[in-house]
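A, B, C and D label the chains in the order they appear, each numbered from 1.
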Amino acid sequence: MSKYQHIKEEAYQANMELPKLNLVIFTFGNVSAVDRAEGVFAIKPSGVPYEDLTPDNMVIVDFAGETVEGKLRPSSDTKTHAVLYSKWDTIGGIVHTHSTYATAWAQSQRDIPIFGTTHADYNTVDIPCAPPMSDLMIQGNYEFQTGHQIINCLQEKGLNYKEVEMVLVGNHAPFTWGKTAAKAVHNSAVLEAIAHMALLTEQINPSAPRLKAALINKHYERKHGAGSYYGQ
Amino acid sequence: MSKYQHIKEEAYQANMELPKLNLVIFTFGNVSAVDRAEGVFAIKPSGVPYEDLTPDNMVIVDFAGETVEGKLRPSSDTKTHAVLYSKWDTIGGIVHTHSTYATAWAQSQRDIPIFGTTHADYNTVDIPCAPPMSDLMIQGNYEFQTGHQIINCLQEKGLNYKEVEMVLVGNHAPFTWGKTAAKAVHNSAVLEAIAHMALLTEQINPSAPRLKAALINKHYERKHGAGSYYGQ
Amino acid sequence: MSKYQHIKEEAYQANMELPKLNLVIFTFGNVSAVDRAEGVFAIKPSGVPYEDLTPDNMVIVDFAGETVEGKLRPSSDTKTHAVLYSKWDTIGGIVHTHSTYATAWAQSQRDIPIFGTTHADYNTVDIPCAPPMSDLMIQGNYEFQTGHQIINCLQEKGLNYKEVEMVLVGNHAPFTWGKTAAKAVHNSAVLEAIAHMALLTEQINPSAPRLKAALINKHYERKHGAGSYYGQ
Amino acid sequence: MSKYQHIKEEAYQANMELPKLNLVIFTFGNVSAVDRAEGVFAIKPSGVPYEDLTPDNMVIVDFAGETVEGKLRPSSDTKTHAVLYSKWDTIGGIVHTHSTYATAWAQSQRDIPIFGTTHADYNTVDIPCAPPMSDLMIQGNYEFQTGHQIINCLQEKGLNYKEVEMVLVGNHAPFTWGKTAAKAVHNSAVLEAIAHMALLTEQINPSAPRLKAALINKHYERKHGAGSYYGQ
């Protein structure tokens, strides 16, 4: 049995949630799970349908994006995952999907405005949309640069990856992360729900105001603050 | 066996309907069922996924919002339920969800206009949207004040909770109620359908008129009036 | 065994298709099937959930809307069915739903424009929307008058119920019919699909033209004309 | 056993995917699979519900559209398939559906703009919409002419059927193709997803720009280029 069996299992289970949550069709998405002690992560093999996945065909990759174990080629987005794990110390899992509503916002190149408490339960700010990458970045090491584009976007907006666990890459699609692969998947489904409701909100009331500060703070604090009283 | 077993069962069954009716994902919603004689209600525990619910992990709470029986922390919205039960004598169940279309209207801070007989079968008026709460109310006892905001909204609009069994809380999401927890869940699903159709109606015809009085009265009366002839 | 067993079975089977085709929630809809020789039809009982239906609890009603056999009260829309059967000699089944997109068009009080061949496979004209009824008609024998409103609408637009098997009742919802109850259900599902696509078409291109005459005729003729070559 | 058993099986399997992928209701669609050596293709029989299909009731047709084997009448769109197989040497399967979003774009008579990398993973250009056919073409050999309309559309836009495997026929609906029937079905599902996201993108940002050239090339090349690194 592989010494990476635990993250292969974790990545496998998390990948299998994507079609169940209607976040992907065919092979449109990937999840990884990291082992910080070993400095590697397990990720979906490229282009393999979800029904053919097993824990054993997850690919083990290091933070430079090189395969450490596994017979299949890893996801084409592997280097983006590698960069995020390498720069952000505390995340345990990463998800990339082309889910319908979040991708539409990414294609629109707009941040998703914070319109309600569903959003505020997860973020105190608009969900950031990184601008499309420069031609130089695209023509270079593209997936590697995608990771840097995400990191730069949060930095320029003064956001902390420990608090904001989701981003749109302009013209492309969403990435989410979290303490575990399962939490990163959870965040992808929440992002899709928020993206859908934000579009509808603007359709119902084109001048709908952003959520007021008192509600933003209250909802985030009751779920994430020092005196939080949500959950067990 | 608990002396509250009957409301634990009722609350459990009603909570389990929410994901089946596509009104919630993950833990986004809660249902309670009241025992008027005992002055308590059973409510979903906070942050527990629906697949892990059992009748036994429902939490028994009194009308001041204090836990009477149960090992888990009750829903973070418990005090809102407590206020509504304490002020409204005849309701037997309450539901809170973040269902997609009803929440989008709440985020838009608009009442849902009465456009058709589907709406009139349930309400003779626009579905009210309570304004977002004042900063003072939010920073105080938030969930308790949410209950008061709902009660005030109906009062100011001259509406009777026995006839209008659904409300939107501005920037937040819907609450519904009814004679039983099952009826309150039914109302949540109906509200979601009405919210969806109202948005589509405005998209198809931005100057669609509200339903005329004769149709409003006819449909409500045939379902709820003295000479009603709907149902068995 | 009832002498009406065959239409009870037919009505039962057709009613059970409505939730499977996502055309109804709860008790929002009803189907009937007629026996022309006996001058009666079988219809869903009022307010009974689909999961509780059986062939035996279908109600047998004559063309005056009076119950001939059955312990339960028939659908509240029974008199509308009775009028249509009595005026239109060749129809064998009728369906009423509050399906989402068709109902939104009814609430918008607009005919559904013919934008494509999907529509033309079923109708050569816009799907008619009957105007809301006069207050006098509503306050009188409402469901009976609804039937007359439908008949008048087709007459005024010069349409033949043998060719146009679907209508919207303004501010209310769709009715469809056909040679059998199953065909009437089929028409309800097709209407819902056409209603959805017509809304999207206007959103994508607000000045989308109606389908040209040559295509309307070609598609309708290949499916319904003397030289039809669709189906077996 | 038929000498065409392999394409009957292939066409049957591919047809059965259409309802599973929510691309058709009732009999709204058809798939064919070709045997180049024999100069024939297997196609769905006309108007037969998917649940009644078997490999054996697929119809074998030659490139002139004449039935070679089979008791049932072939799909009414058979001559369109025949023309495409006869003109385009390397395609192995063809799909026609009336899927909701792709059909709405066809009804709108607009090409689908390339807004993101999901689109670029499949095409470097807007998805073409052929203009509605001339009255002469419609009144003549309609389905045969539909095939020519598709071929002319690609030719006039300078597109190669080996690279662009999907088209909208104005006022009608989409056609897709591929090296196998399964790949053609895959393309139909992808087209539907792209069509949905493009509509949402324009709703979120009416002035959303088309995808920049560097991203178009990068995404297409990494999946289809000489140095492709997507898949196994």
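The rule is short, and it goes like this: contacts are C-beta pairs under 8 Å (C-beta built on N, C-alpha and C of every residue); 3 or more make two chains touch, one makes a residue touch a chain.
Source: prediction; values computed, not measured.
**Q** How would you label the chain A and chain B contact, same or different, if same means the shared numbers make up over half of all numbers there?
**A** Chain A and chain B contact each other through largely non-matching residue numbers.
**Q** What whole-number Å value describes the gap between the mean CA coordinates of chain A and chain C?
**A** From the centre of chain A to the centre of chain C is 46 Å.
**Q** Just curious, how far off is chain C from chain B if you go by their C-alpha centres, in Å?
**A** Inter-chain centre distance comes to 33 Å.
**Q** For chain D, what residues touch not just one other chain but two or more?
**A** In chain D, residues 203 touch at least two other chains, as defined above.
**Q** If every chain is a node and each touching pair gets an edge, what shape is that graph: line, ring, star, complete or other?
**A** Here the contact pattern is a ring, one closed loop where every chain has two partners.
**Q** Quick check on the complex: what are the chain D residues that touch chain C?
**A** Going through chain D, the ones touching chain C are 25-26, 28, 45-48, 72-73, 76, 98, 100-101, 103-110, 132-133, 135, 138-139, 142, 171-173, 199, 202-203.
**Q** Considering the complex alone, what residue numbers of chain D touch chain A?
**A** Touching chain A from chain D are residues 21, 115-118, 186, 189-190, 193, 196-198, 200-201, 203-205, 208-209, 211-212, 214-215, 218, 222-223, 229-232.
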